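The following blocks contain the structures, represented as structure tokens.
Next come two complexes, and both contain chain A; in the first it sits with chain B, in the second with chain C.
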Partner chain A sequence: MEEMNEVIRKYVVREYVEDDTEVGYDTPLISGGIVDSFSMVSLKRFLENKYDISIPDDKATPEAFDSVNKICSLVNEYLK
Partner chain B sequence: MAYTDKTRGMYSEILSGLKDAGLFKVERYIHSAQAADIEVEFPEGSSVRKVINICANNYLGLSSHPEVVKAAHEGLDSRGYGMSSVRFICGTQDIHKQLESMVTKFLGTEDTILFPSCMDANGGVFEAVLTKDDVMISDRLVHASIIDGIRLCSAMHDTFKHSDMEHLEEKLQLHNDKRLKIVITDGVFSMDGDMAKLDEMVALCEKYDALLFVDDSHATGFIGKTGRGTHEKCGVMGKIDIITTTFGKGLGGASGGCVSGRKELVEMCRQKARPYLFSNTIAPPVVAGVIKVLELLSATTERRDKLERNTEFWRNGLKDAGFIIKEGDTPIVPVMLFNAKLSQDVSRDLYEEGIYAIGFFFPVVPQGQARIRTQISAGHETHHLEKALDAFRKVGKKYEILGKNKQEIIERYGL
Partner chain C sequence: MRLEVLTKNLHMSNIGSYNERIKDFDWSIAEKELDYQPGQVINIGWYCSDRICRMGKADKQALIWEGSTGAEKRYTYDDIRRLSDSIGQYLRDLGIQPEDRVCLFMDKVPELYIGFLGILKIGAIAQPLFSAFGDESLLVRLENAQTKVIITQKKHAPKVRKILAQLPWLKYMIIVDQEPGKPLQEREVAMNMEELPAAETFQIYPTKAESPSVLHYTSGTTGQPKGVKHVHYSLISQYLTAKWVLDLRDDDIYWCTADPGWVTGTSYGIIGAFSNGVTQCVLDSGFSAESWYRFIGKHRITMWYSAPTAIRSLMKAGDEIVKKFDLSSLRHLASVGEPLNSEAVIWSEKVFGKPFLDTYWQTETGSIMISNYPGMKIKPGSMGKPFPGITATVIDPEKYEPFAEPGKIGLIAIRPGWPSMMRMYWNNEETYNNKFRNGWYLPGDRSSIDSEGYFWFVGRDDDVINTGGHLVSPFEVESALLEHPAVAESAVVSKPDFVNMEVVKAYVTLKPGFIPGKDLDLDIMNFVRKKLSPLAMPQEIEFIDALPKTRSGKIMRRILHAREWGEEIGDTSTLEND
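Up next, the complex of A and B:
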């Protein structure tokens, strides 16, 4: 099964990247302007549906969503 | 807090930063009425020049139409200058209700409410009709006023890629559990001049039980066979739940806007929309002017037909000359130059040739997509457009961009 970081990276690229910008696991997503804070909602809903978790709104901050690796850490917190 | 030297210095620094980044906006003073031929002072203090205006939203050439001006004068004489009240205290006249009825009939909707501007309509409508249990799904290129309205609303917000119906459908599926879903789009997008696929959007909204919102500010009065707007052009009259539009562009160009659509949603705006509740509505002379505009447009399609012919002439002329334009059939015709400095240089040289057109670059448009946005009007005669094309050809030749493709222009001027 595909690793979580690759699943999320692929989702981010498909959902938000409209040119040839490369996205790695540590690429800044929000501070780097790839994901705008408006669009975080679909990312949050994707993660909740995909991993059957519920991320509280106050934890879904721009800082927590700022790279694929940070998002993985957040998801792992709620998988436990 | 006193306005100290430190505070003044802080703002001076911010403003200097804007100048250094080439983002500082300056106004050009027009010494005549708005029309195809105008008299402009630019830069400030220089002598006034006669130029042809190809950057106004004066699509139907009605901004200074004698019958509209006369009607506004009569409105001023009969209903006065201002209302000195918001609508629900003592700021509603018979002509405000008359205009609301006329707009409803013109757009083919159920009801209409006036706002001081379409910026206010978009700023107030979402919070008035939605709650935190709902979701707004907007095209990623909607107008800034819609984005502000969305920010003021407690409903969840998501976006879909510009005009990407497959992506929109994914989002409608993702948010299918919400109480209400509303899809939000411009009818005609102001920077690229392309049109929303309203027929496909209506089908998706019906399939997923969603509402559809369209800002038709760059369409009302001239898009569609009788100028009703994008919904007429796409064959979905009566199927748009909320239309917002402006009287500040094609419909006389003065000011004011509205929300038009399902009667309960319009009534919610009347009860709850803050720009309606806490601001005076459109001034009486302007209301009288817009009433005349709608009378003119309901009597004949002559002006929108002329605009269509002018647009075709202009688009073909630019293409034949060897410019790259954004394809489409609206009177917003962007001439693509890609490089920001080139867009400013071309704009300046066009002005020297007597043509007033503005260069747009990042952040108004995406990085590497700098352009001259031209806007055609029914107020243009063939000689205006021919003179403008001559100027474009001359300037295009100077910069050696005629017949060049995107890659060649970028190689020469950079992004």
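Up next, the complex of A and C:
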């Protein structure tokens, strides 16, 4: 089964990257302008659907979503 | 009880006493300061670069840019004069004529700021568009303006390529960061601003006061987005409001956080700043409280013009983080885009030692109309008072006459005639004419005025959604939703949001064979985001069996709106299923 970080990385590339920008596990997503604050809502929704979790709004901060690795840490906090 | 804050340093502010200024105000104050004689040439590009150089500030920093990786670029006033000349010459060589529309579709990169001036210098019309727009949003705006050239970055080029076949009059797509040797496609050209040849003999086009300058698009309740046409004379308002409201001074380090894809980013992120000859900083990266505070501390920002959404996001990040940075350089703070709630004003006074002063205006007005001023007593939560020379009031929505007594809620109305007033909606005279009643221009907002003349914002007078300071048309979102294969009908309204004031919510009925679910919900969200923009993406979708409609079949959006905001639903006598 594909690792969580690769699943999320592929989703980010598919949904938020228009050109051939490379996205690694530590690439800044929010501060790097790849995912904006409005689009974070759809990324959060994807994570909640995919991993059957609920991320509280106050935990879905730009800092927590700023890279694939940070997102994985956040998701792991809420996985049962 | 309404809290009041007296802003400090009355005697030090550019405006001085507000009450004295309004007594004998005339826009000729700005004309004289800018050495402009009515009837003569007035070109914003020249005033924002060449004139500052002639004042002996050629070597002064005009623009300090920082990208998301921390890379920094600095440009003096002589640099932006020279580079904007070169861009102007480059466009002329491509065959661009005065009044041709040239779209700027970029992140906040230096080419956007300097290219804007270059376009104006050749008498062409700058058409800035928000770089997060999806292909559908881009198409309707480029089609409406019959844009000749689009200047963009390679990361945004795929969106343009998708719609290129539908834009026969678009002659060129200029890519500012194309890697050497990478192949270009049909109608594409590469332009590296730093490597453009010097335009030694460049002549600025002699635009006059009423020559068109900027075309900004804004959303309405119905119909397609409207192109708001401004002219070079708008400089008079933009220069003076930047000086008196933003209090820009020669030694200021100024940061306007707005994106020039929207009007604040051009009126005050380019024109107001450069025509006043200040040094301005630009941070081209996504939002985080830490990166913003670091940026202020690093560049010793003195004047900060931001938006309530950003301020509330900073509030959400807490007070502790503020203490990690030296923000002592901040001298003056102002806000625009949506009403600034009193809590945010009080919070900024607490953590920064000074309040954010709210300013009120819109794309059509081109410059600040109603504001709080340095030195004036401010009432947190109030929009403040009209700028000197602006006649603004609140009128009865039935009679279109000003209310005789204070405290009544009505429509904000402004007497036309200030320099930066829009001159027309592009190819849409009928909608333009509908903005006027009984000799007043109506911005479409409701307010009251208290006994001391302070304006208090109440809300929009239409269904347009103001999310994070940007207007979103429910019509546009509903139209996009209907293109999704699962959606039968939709109604789009706003819902309250702590950070963005309001966000987009969609009520959706599905076509037979589709079942509501989390994956479909996400699919529809992403569909709208890519087609229109992240701002327009519904933050919540509610699947329902039937939308509330009148007996004649019209969707009753107001019922859904009332439900979201916990308001009285009102008269439902025309409801179909009542």
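The rule is short, and it goes like this: the second predicted complex is superposed on the first by the 79 of 80 C-alpha atoms of A that agree within 3 Å, B and C clash if a C-alpha of one lies under 4 Å from a C-alpha of the other, contacts with A are read in each partner's own complex, and residues count from 1 in each chain.
Note that in this section a contact is a pair of C-beta atoms (placed from the backbone, for glycine too) under 8 Å apart; a residue touches a chain by one contact, two chains touch by 3 or more.
Note that the structure is predicted; figures quoted are calculated from it, not measured.
In the superposition on chain A, no contact is made by A:Asp26 with either chain B or chain C. By the touch criterion stated above, A:Phe46 is placed in contact with chain B and with chain C alike. Contacts of A:Glu18 after superposition on the shared chain: both chain B and chain C are touched. Between chain B and chain C, the partner in contact with more residues of chain A is C.
Contacts of chain A with chain B, set against its contacts with chain C after fitting on chain A, overlap at residues 18, 38-39, 41-42, 45-46, 49.
Those residues of chain C whose C-beta lies close enough to touch chain A in the complex are 68-69, 107, 132, 154-159, 284-291, 313, 316-317, 467-468, 518-519, 521-522, 525-526, 529, 534-535, 537, 539. Every residue of chain A that touches chain B in the complex is listed here, in rising order: 18, 38-39, 41-42, 45-46, 49. For chain A in complex with chain C, the residues that touch the partner chain are 15, 18-19, 21, 28-39, 41-42, 45-46, 48-49, 58, 61-63, 66. Residues 147, 150, 156-159, 161, 171, 174-175 of chain B are the ones touching chain A in the complex.
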